[in-house]
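Both complexes shown next keep chain A, but they swap its partner, so chain B is in the first and chain C is in the second.
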Partner chain A sequence: MRSVDVLVIGGGLVGCATACRLAGAGASVELIEASYLNAGASGANAGSLHFQIERRFLENGDALADQAAQILSLNRLAIDEWRGLEAELGDSLHVHMRGGLMVAQTPQELALLEAKVARETAGGLPSRLIDGEEARAIAPVLSPSIVAASYLESEGHADPKALTLAFAAEAERQGARLSLGARAVAARRVHDGYEITVETGRTRSSIRASKVLIAAGAWSGRMGELFNLHLPIFPVALLMNVTERAPPLIDQLIQHVGRRLSMKQAYAGNILIGGGWPSRMRLDASGRFDPGQQADLIETSLRGNLAVAVDVAPQVAQLNLIRSWTAVTAVTADQLPLVGEVPQAPGVYVAAGGSAFTLGPTFARLLARQILDEPEDRLRLFSPARFSHLNSFMGMAGA
Partner chain B sequence: MNVREDYDLIVVGGGPAGQAACLALQDRLARVAVIDEQSRPGGQILRQPPRAFTVSNWQAGGTYRKLKAQLRAFETLSGVDWLGGRSVLDVRAEGDGWRVLVSDGAQVASLRTRRVLIAAGCYDMTTPLPGWTLPGVMSAGAVQAFVKSQRLTPGRRIALAGSHPLQLLVAEQIIEAGGEVPALAFAQSLQSALVQAARRPMTVLAHAPQLLKVLLGGLRLTASGCRIRFGDRPVEVVGEEQVQALRLASGAQIDCDAVALCFGFLPQSDLVRGMGLNVLQGRFGGWTAVHDPWMRSSRPGVYVAGETTGVKGAEAAGAEGALAGLAIALDEGLITSVEAERRARGPRRRRGRAIRFAELLDAIADPSVFLSQAQPADTILCRCEDVTQGAVDAAVATVETPNAVKLSTRCGMGPCQGRNCEHLLLQRMNSVEKAPQGFRARFPARPVRIGDLTA
Partner chain C sequence: MRSRQGVVRGRPLSLQIDGRVIEAYEGETLAAAMLAVDARVFRRDTQDRPRGLFCNMGVCSECLVDVTQAGQPTRRLRACVTDVQADMVVSTTRAET
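Then we have the complex of A and B:
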């Protein structure tokens, strides 16, 4: 039986980056990925680096927005993290931090922006409110209907297809073992940690690990079940659209404060349009949501998403849509990421939920410190301890 | 032109298969639409020229007589809405029927239908070699489409190379349209073609007239100065900005200003796979829809016919279309099973005959002689995204699935959605028969202007 310090479940960005940080610090690490690297949300996301408070935190009242403001310190760390990534992992990540605009079209939206910028300023994020004219001076593609925007110079985008693979390659260089096509199917507690049963094709094997990290994205809730835990992580299916390659048109990340939109021009020239429009998840044989199946496109989402894009940047109407895809990511019960050790299962860590393309590399750096018992409390806000009540009667008694 | 929002049947494809289905239904189903990207019915083989300019002597020749008769009959059907010049972008299940998104180049309409027949035909199999992305290199089918609908040739001297006998026909059509064919190269040897024929004597006999016509065509070509070569495969298209010559394995260099490659066809499978119908993988990649003896697909209410179920010629396509039409009538309760069985006999016989001929043709036209030759690593494999074969091979060495190769190399990420490279990738993965899946099928089946979707 193999034995490691840390077993990482899931070969998306979060798993690969954390494995990389752990191995870099000298831990023996194995990562198991049920399918292939980047098969989940990490290989299918929009690649936005958004550090302003997200629209989704603004649409559900003040309490949530207050909480979201606390995420800003993490966002500030993430900005620094991203500035260093290409120097560390190579320049093929297409990191493009040329600014981001969150736009408003109505007086109500402008009010939202003002409140948001005030929270950001209080939280130390250097965003600023600009009027429509200034927004168009920065991004001429914007429509005359844009009345204002909040602008943050460090926002932008990067290539999700490259980042996970770069972290995986670096993890291997640092001595981590990556097992692909290897699915965690069972777990049991042993005296010095956990024994995980892994299915690879038709064969089963076991791995012993002192600590386990669940980094299984939308599957993390199910992974929790292997440890007799409730992890309040829910799969959600989203829509993304991509145009043909176009001449340079959009240099910034463009978002909307009142409507669902994220838009950018990726390095190859294609314009990516998303923003959180729902797709329809398929069900498995037992009638539960199945994050592993391709979700179905919803026509109203498609038309709605493109309509916002055209409304904000009219020139986009002239471009050809070449592909729309659906992909499944994870949200937690309170929308904040769930990162840290589960109190009822010592040695079991989880990292899921939130905008983990933007934040994934930062989670990885901080979480690795936590796993290696280094002092680290910058993740306190995201600790699974806030859902302890769900696990009052759960967990696994020690062997 | 009539467009309703609700149909009993939508047929995708107005080729021999789609037409035959409508003819079998004999206007007994009230609300039927046939949607085709071409403005007029006919499919790939007829490709009617636009009405605006009439071409005299369009598609003369006996091969086309029957097809033209069918086309005329189809055009007189009164109960069919012909929705030409429109692309089907997507078909998805909705309630007990299907939702079809159709682009007319200005708007995207959303139609509902209870039943769907996919009769979308096939397209030329892309076969890369050094220089194939130069302007002036095209598929034989594209040359033919050009010649058929406009009576123009896309070059003055067009060299042909491939393994499919269709190139003999294409050469003749080029010459008739005023072009020149300096050479026509078959990758396989004449012996191997003859051996394949000798293995199927009954089929050869049964199709002697067609085969004779091919031979005569070959002789006419030779007489007109075109040299037909056997056992000589193309190795490079030479040129700077534009095609200058075609180099063959024998070392021969043929001066020309265009090159047409003709190694066979792949079924259109974008809609079929997007709908989640069961498919089988073909020998060289490509996907054929699975069906029962009545051309019912694996999902209720969906029928498949023609080259969608495998490339086997216009005759088989027509027969399958007729069967699908009968099945639809039967499933609608418009005819009894006795009547359906009786009327299915003819099409079944024709289909069987045509399939045997298609098997003979497949054996003769086998492109493996060419496909099994490794191309240089810097040969472009995915031309939408400029991905080389070397880059794909490097990825194939480290990952398991076509989607993973797509993610790491961009192969298949361009506007063609992998139509032109997925089969190549599957060939490189050396698992064409085994690989359970190719790329995930994604919306839309054809690129569409964003403004059309928001209009």
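Then we have the complex of A and C:
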């Protein structure tokens, strides 16, 4: 039986980065990953650093948008976090913060953009509403059909293939143990924490941990079940696309306020196109969504995604699409990430539920402080306590 | 080199690869026609290193070549899934940035 201060479940960005912060602070840490590092959404997302309020928060009415605006305080912390990451972890992360534009093409979209910028200004985010002409001066690739944009200087992109591995390497240097191909299959409460049963191939072993962090992305809900908890995290399958390499064409992150689009040119010259177009999730043997299987591409998503891209940046039509891929991420019941300790299972923490490439390094820094019992109030908005009603009859009895 | 025995081919035609006129047959892919004349370099990478045909089924995009035809802008096409047409002008020398 191994014994650690903190067991981290999940070898994605949040798991590796939190393991790194915890080990750096002197805690003994083991991270278990059922597959391989960066296998899920952390490695398959398109690498946007988006600090403006996301379009998905704006399309479901004012109440949700107001609530979502509260995420801005975290976005502001994330901007500072990203500015320091390459100095800490090396420049292979390809952090590129050269600005981001969220564009509008219709009067209705312009109104949405105005309301969004007003919320951002109130929240202390220095975004700026600009007209189409100024937007094209900043990003000449934009079509004449763009009537306005909100511009934020600090947005951009980074390399999702590199970031998690950089945090994992640093975590190991700080003394964390990373166990790959190791799946948590059971958990029970013991007097000073939890005992987790781990399956590695055909071998079973047990790990005792004072505290546990569930950072398993789309699998986090299932992992919660091991602790007799409902974690309202729902898997979501998306589509991403990449063109052949092109000469420098797009320096910024381009998003659309009324249509699903994220577009950027990665360091090698390829243009990445996504924006939240659905893919079809596969089902497991019992007929439930299986985030472990490759989701199926939906052709109308592919056509729709590329049509928006070309409509916003006509030159992109000249490029060959070389790959499209699907991957499974997760959203929570109220769209805000779920980060913090679960009240009904003291010592069990969770960090999952979307936007976690942009926000992951910040979640990790703040969550590590919480786990180490340091005063840390900045994650209050994301606390699982807001879903306590789901767990009124759940949780783990004390030993 | 082409197999000669028991093969029925389309009509012969000619096209250009990097300034060199080659013979091919209707129904062949550009990749097949290039390999038949031992033209094995399909493009150059960012360090100007030669890249060859890899998957030969339209997936990997290693065989992207520039193709110009009368009355059309130059297009970048996968040689392995593009049928030859008479008077195509093919270039493999584009500098990758």
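Convention: the second predicted complex is superposed on the first by the 399 of 399 C-alpha atoms of A that agree within 3 Å, B and C clash if a C-alpha of one lies under 4 Å from a C-alpha of the other, contacts with A are read in each partner's own complex, and residues count from 1 in each chain.
Heads up, the rule we're going with is that a residue touches a chain if its C-beta (ideal position, glycine included) is under 8 Å from a C-beta of that chain, and two chains touch if they have at least 3 such contacts.
This one's a predicted model, so the numbers in the text were calculated from it and none came from an experiment.
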### Query
chain A superposed: clash or fit between chain B and chain C?
clash
### Query
Touching A:Gly269, do we find chain B (first), chain C (second), both, or neither?
second
### Message
Per the contact definition in the header, classify A:Val310: touching chain B only (first), chain C only (second), both, or neither.
### Response
first
### Query
Who touches more of chain A, chain B or chain C?
B
### Task
Report for A:Pro247: first if it touches chain B alone, second if chain C alone, otherwise both or neither.
second
### Query
Looking at the overlay, does A:Ile322 come into contact with chain B only (first), chain C only (second), both, or neither?
both
### Task
Give one of first, second, both or neither to describe whether A:Ser206 is in contact with chain B, with chain C, with both, or with none.
neither
### Task
Give one of first, second, both or neither to describe whether A:Gln174 is in contact with chain B, with chain C, with both, or with none.
neither
### Query
For chain B, which of the listed stretches 146-154, 398-406 or 434-442 runs into chain C?
146-154
### Contacts on chain A seen with chain B and repeated with chain C across the two complexes
244, 268, 319-320, 322-323
## Note on the structure
Within their complex, chain C touches chain A through residues 46, 61, 64, 76-78, 96-97
### Partner chain A, residues of chain B touching it in the complex
90, 92, 99, 101, 110, 385, 399-401, 403-404, 407-408, 410, 413-415, 417, 440, 442-444, 447-451, 453-454
### Query
If you look only at chain A, which of its residues touch chain C in the complex?
244-248, 268-269, 319-320, 322-323
#### Entry: Residues of chain A defined as touching chain B within the complex
35-39, 43, 161, 165, 180-181, 243-244, 268, 294, 296-297, 299, 302-303, 306-307, 309-310, 316-325
